[in-house]
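In what follows, chain A forms one complex with chain B and a second complex with chain C.
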Partner chain A sequence: MAHDTSFETRSHVQHEYDREQNAKYMKNQVTQFAIMIFLTLVAFAMTAAGYAPNFIRPLVLLLAGVQVVQQLYSFMHMEDKTAPHIGIVQFFIWSGALIAFTFFVAFTTIIWW
Partner chain B sequence: MSSVAQKKGFGAQVWDFLTTVDHKKIAILYLASGTLFFAIAGFEAILMRIQLMVPNNDFMSAGLFNELLTMHGTTMLFLAATPIIFGFMNAIVPLQIGARDVAFPFLNSLGFWMFFFGAVFLHLSFFLGGAPDAGWTSYASLSLYSPGHGIDFYVLGLQISGAGTLISGLNFIVTIITMRAPGMTYMRMPLFTWTTLVSSSLILFAFPPLTVGLFLMLVDRMFGANFFDHTMGGNTIVWEHLFWIFGHPEVYILVLPAFGLFSEIIPVFARKRLFGYSSMVFATILIGFLGFMVWAHHMFTTGMGATANAIFAVATMAIAVPTGMKVFNWILTIWGGSIKVTVPMLYALAFIPSFVAGGVTGVMQATAPLDYQLHDSYFIVAHFHYVIVGGIVTALFGSAHFYWPIIFNRALSEKLGVLTFWVFFIGFHLTFFLQHFLGLMGMPRRVFTYMADQGWDAFNMISTIGAIMMGVGVVLLVINVLLSIKSPPVNRRDYWGDGRSLEWALETPLPFYNFKQTPLVRGFDPYWIEKEEGNEEGMVYAEPLGDIHMPNNSIIPLGMTIGTFIAAFGALYSPWGDQAIAGTADSLSKAGSLTLLIGGLGITVACMIIRSVKDDLGYHVTKAEVEQTERALAEFRAKGGKR
Partner chain C sequence: MDINQKFTPQNWPKHAETATQEGKNKFVGLWIFLASDTVLFASVFATYLALKDQGPVGMEFAAKDLYELPLAFAMTMLLLFSSLTSVYAMYHMKNYNFKGVQTWMAVTVLLGFGFLCLEIYEFNHYVHIGFGYTQSAYSSAFFTLVGTHGLHVVIGLVWISALIIRNAKRGLNLYNAPKYFMASLYWHFIDVVWVFIFTVVYLMGVLG
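Presenting the complex of A and B:
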């Protein structure tokens, strides 16, 4: 129930352990964020350098795909193995992605207009 | 406390149904309104068949025929089959998994009212200047140029009722994943629960493309956009893709729960465990996946090119494999069983050959070169009616007989049921079997009349006679339902005597909280296991008797829906639409249209804000109240169900 506030007493060891875990977690988030910024920079740099469009397009799409996965796993908590029904969540997200990808591939390759 | 043992006034009853969040009552609402729209759409079909009975008939105009064929298809799929299936899901799934309600009772109510008001909105078109007339697929090349408001009613009505279906689908996914009783693992779930889960997931993935398509159509027709107008740089084929990316999974959304219902009926009356349970589950999931990979087989003749046609043809044929697995499993469940041929079993036995016939013609059409011959002919009409009537309608009629005792604590008459079955079944084959040959002889679908002496006359006459027999069958079923009101209550558990899953372990009439204690599931077919071990109560419990947390009733879902209903009129009478500017459709002033739009959506948003701000935590039924309700129910049953 939402109106039942629960209190929890934590030992000193537990407190230290939590702090350490939180620090690790924060470090991971910052690293992921830095990687995302770097990937975005790479995308912009490629365009600015004026490579052939047929080279840039698939590469930028690939980088975008990597960023989506990073977003899902590090910032939207899909990496959290202990979350309730996380397997189902992953299954649904990846099946949705697979279905959408099928449409994408079908429209860009075999359906000619 | 018990809603059964206490008699209420009429006004209180109506208020109760308007505000209810109880899955059992919402099931009744779904069944009743689904039956209403089923009757309307069936009546439209009979009118069309009367027009086609003889060549050169002038029973109705071509325009009215187009409106009837559009409304027949749209109503049957969106507003009859879908709600009746949702009715059974609501009534049965929480009982099968040992839950006291669905995960989001408020959304359950919202989903129903959205569906209902969308349906009412669509049907108002008959009284407000003409129904939609571009077929249930409403191809943009046709519908963008349809004068009047018909297509606008289609777009807005389906947008609202589609939102309702999406909400209900999400609700069932969460319910089945999170609300299962202890011990009810995934691989112990009854097949109807499994198919509900897969079909709800298909709703989750398939309805957004429809919503997008309808929204683009909405702004195209009512606000002057040009997404599908090729003269303005749009692409009319995109609608067809969006529609079929939704439309093909929609077929499986409807037929998978029907498969599930038969997988419940057949083991009970063959008195054998369902053959190949795990392969049934696997086949259900596989059909769900493949259903998304085949949409373009509806568009072989639009000229997508040979590669696309070949790939989609092969993908389509692949679906026959998991479907075939299911058919063999049903046959092997019946094989060697001690078969009781009751009305539900009759429907199940009739379903297998009828559905296989529809499936075989489906594989024929999947052959792209042959499809060029069959496309837009009566062969297609025959095919999808074999699948939908032979597969889905038989499931709905059979399950009505099967589950009536649980839902209403009354039984439908077996004798009248057998008569209904034969009239309906013979009528069905008379109507549609010959249409295969009409199609092969070249009769196109969606024509309002035809010339004499092309060899089509006799077959069309027989087809119409069959359609009238189907109509008589439906009337007999409705009479059966009405008679059941006055029949004695059944007041027992396991009405058919051979129930296997958890819903049969409950004694009717059900208390509003379903299970006084959450059951503990000890294996597949839990009630069968308990019966084998001589457990009189039908289940073992996972918890001691205690307080039960239940949701509060709410009128807010109805308010939200009425808001969207009003806003839909604002969009409908928009002065910015192509037809309004051309003067072929009446419209309001800019201020009038905007007032309705903003005011309507304002009501919806206001209801959402009220819902968000006002905490509604439900209430607790105390242990004493539960005991008292159980006593009252026992007394009620002992007195034979008289108040």
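Presenting the complex of A and C:
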């Protein structure tokens, strides 16, 4: 435990300001969420509409990719450069993504049945 | 500093979840775990893609006819909304509103439980029509992939419920703020994996 941590009491003005900032941040999160819901609806609607599968497949994959980045950077706060050891976090998660990608490539191109 | 020190909204730190060394360690540790979990899911995903529609000669099950989009859509909405409710819980944590944290975390658990019920219904339905775990390479790969995600949901539900119950009388402090925050991070990750499942398994499955 950090013994040298002290907790300053914010002034009334500062407190009100922080609350406002938090509310603003939350509003942004809700906007991000609305976009995610919209992308999900588009993906399901496109699939149900019955267009040519070869046309829809890359599109729904792209929509999924956009949603995942939104989740990582807004809901999971990877955009916060002041978070502790954010560099380690980014290094590990994107390395994981890279390894995941090689799995996909290997299993869908090299292996056959 | 006493770990059970009481705070007021005025002196509650801005980033309570990482205000202590323990919180910082948990933050990095959980992210490294999530990265390793990404690789775990990648392996079951890749296996599923390789074995999709593969099975004994004359197998009558194909992804095209098996999945039902309305059910997958309902499950997706439940999980997406549960992700948002846990964001609300973290918003209330910032404002040192413990009641808000508990309420929104409870809503998250309820939505997650609804998702789990639908998944159990779906699996049960498949087994009933003869698409059991040992039916084919395809069925094994499908149940392993979606079941691993389901197991993550179960663990998340137990985790968050335990937090809500254990801290009910404690109130918010620097001891449990990181705990709530990490549980919510983990829950978002479950949602991230589901985005890929509904796209790769259900949508691409229906496309054939």
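Things to note:
The rule is short, and it goes like this: the second predicted complex is superposed on the first by the 100 of 113 C-alpha atoms of A that agree within 3 Å, B and C clash if a C-alpha of one lies under 4 Å from a C-alpha of the other, contacts with A are read in each partner's own complex, and residues count from 1 in each chain.
Keep this in mind: a contact is a pair of C-beta atoms (placed from the backbone, for glycine too) under 8 Å apart; a residue touches a chain by one contact, two chains touch by 3 or more.
As the structure is a computational prediction, the values presented were derived from the model and not from experiment.
By the document's definition of touching, both partners, chain B and chain C, reach A:95. The partner of chain A that touches more of its residues, comparing chain B with chain C, is C. When the shared chain is aligned, no partner comes close enough to touch A:31: not chain B, not chain C. Of the two partner chains placed around the shared chain by superposition, chain C is the only one that A:47 touches, whereas chain B remains out of contact.
Look at A:68: by the touch rule set out above, it reaches chain C but stays clear of chain B. Using the contact criterion defined above for the overlaid structures, shared-chain residue A:108 touches chain C, although it does not reach chain B. Overlaid on A, the two complexes show chain B and chain C touching the same residues of chain A, namely 1-3, 84-85, 88, 92, 95-96, 99, 103, 106-107, 111, 113.
Residues 1-3, 84-85, 88, 92, 95-96, 99, 102-103, 106-107, 110-113 of chain A are the ones that touch chain B when the two sit in their complex.
Against chain A, the residues of chain C that register as touching in their complex are 1, 3, 7-15, 18-22, 24, 27-28, 31-32, 34-36, 38-39, 41-43, 45-47, 49-51, 54, 69, 72-73, 76-77, 80, 83-84, 87-88, 91, 94-95, 137, 185, 188-189, 191-192, 195-196, 198-200, 203-204, 206-208.
Chain B meets chain A in the complex at residues 177-178, 201, 204-205, 235, 237, 241, 245, 289, 292-293, 296, 304-305, 307-308, 311, 615, 617.
Those residues of chain A lying in contact with chain C across their complex are 1-3, 5, 7-10, 15, 18-19, 22, 25-26, 29-30, 33, 36-37, 40, 43-44, 47-48, 53, 56-57, 60-61, 63-64, 67-68, 71-72, 75-76, 83-85, 88-89, 92-93, 95-97, 99-101, 103-104, 106-108, 111, 113.
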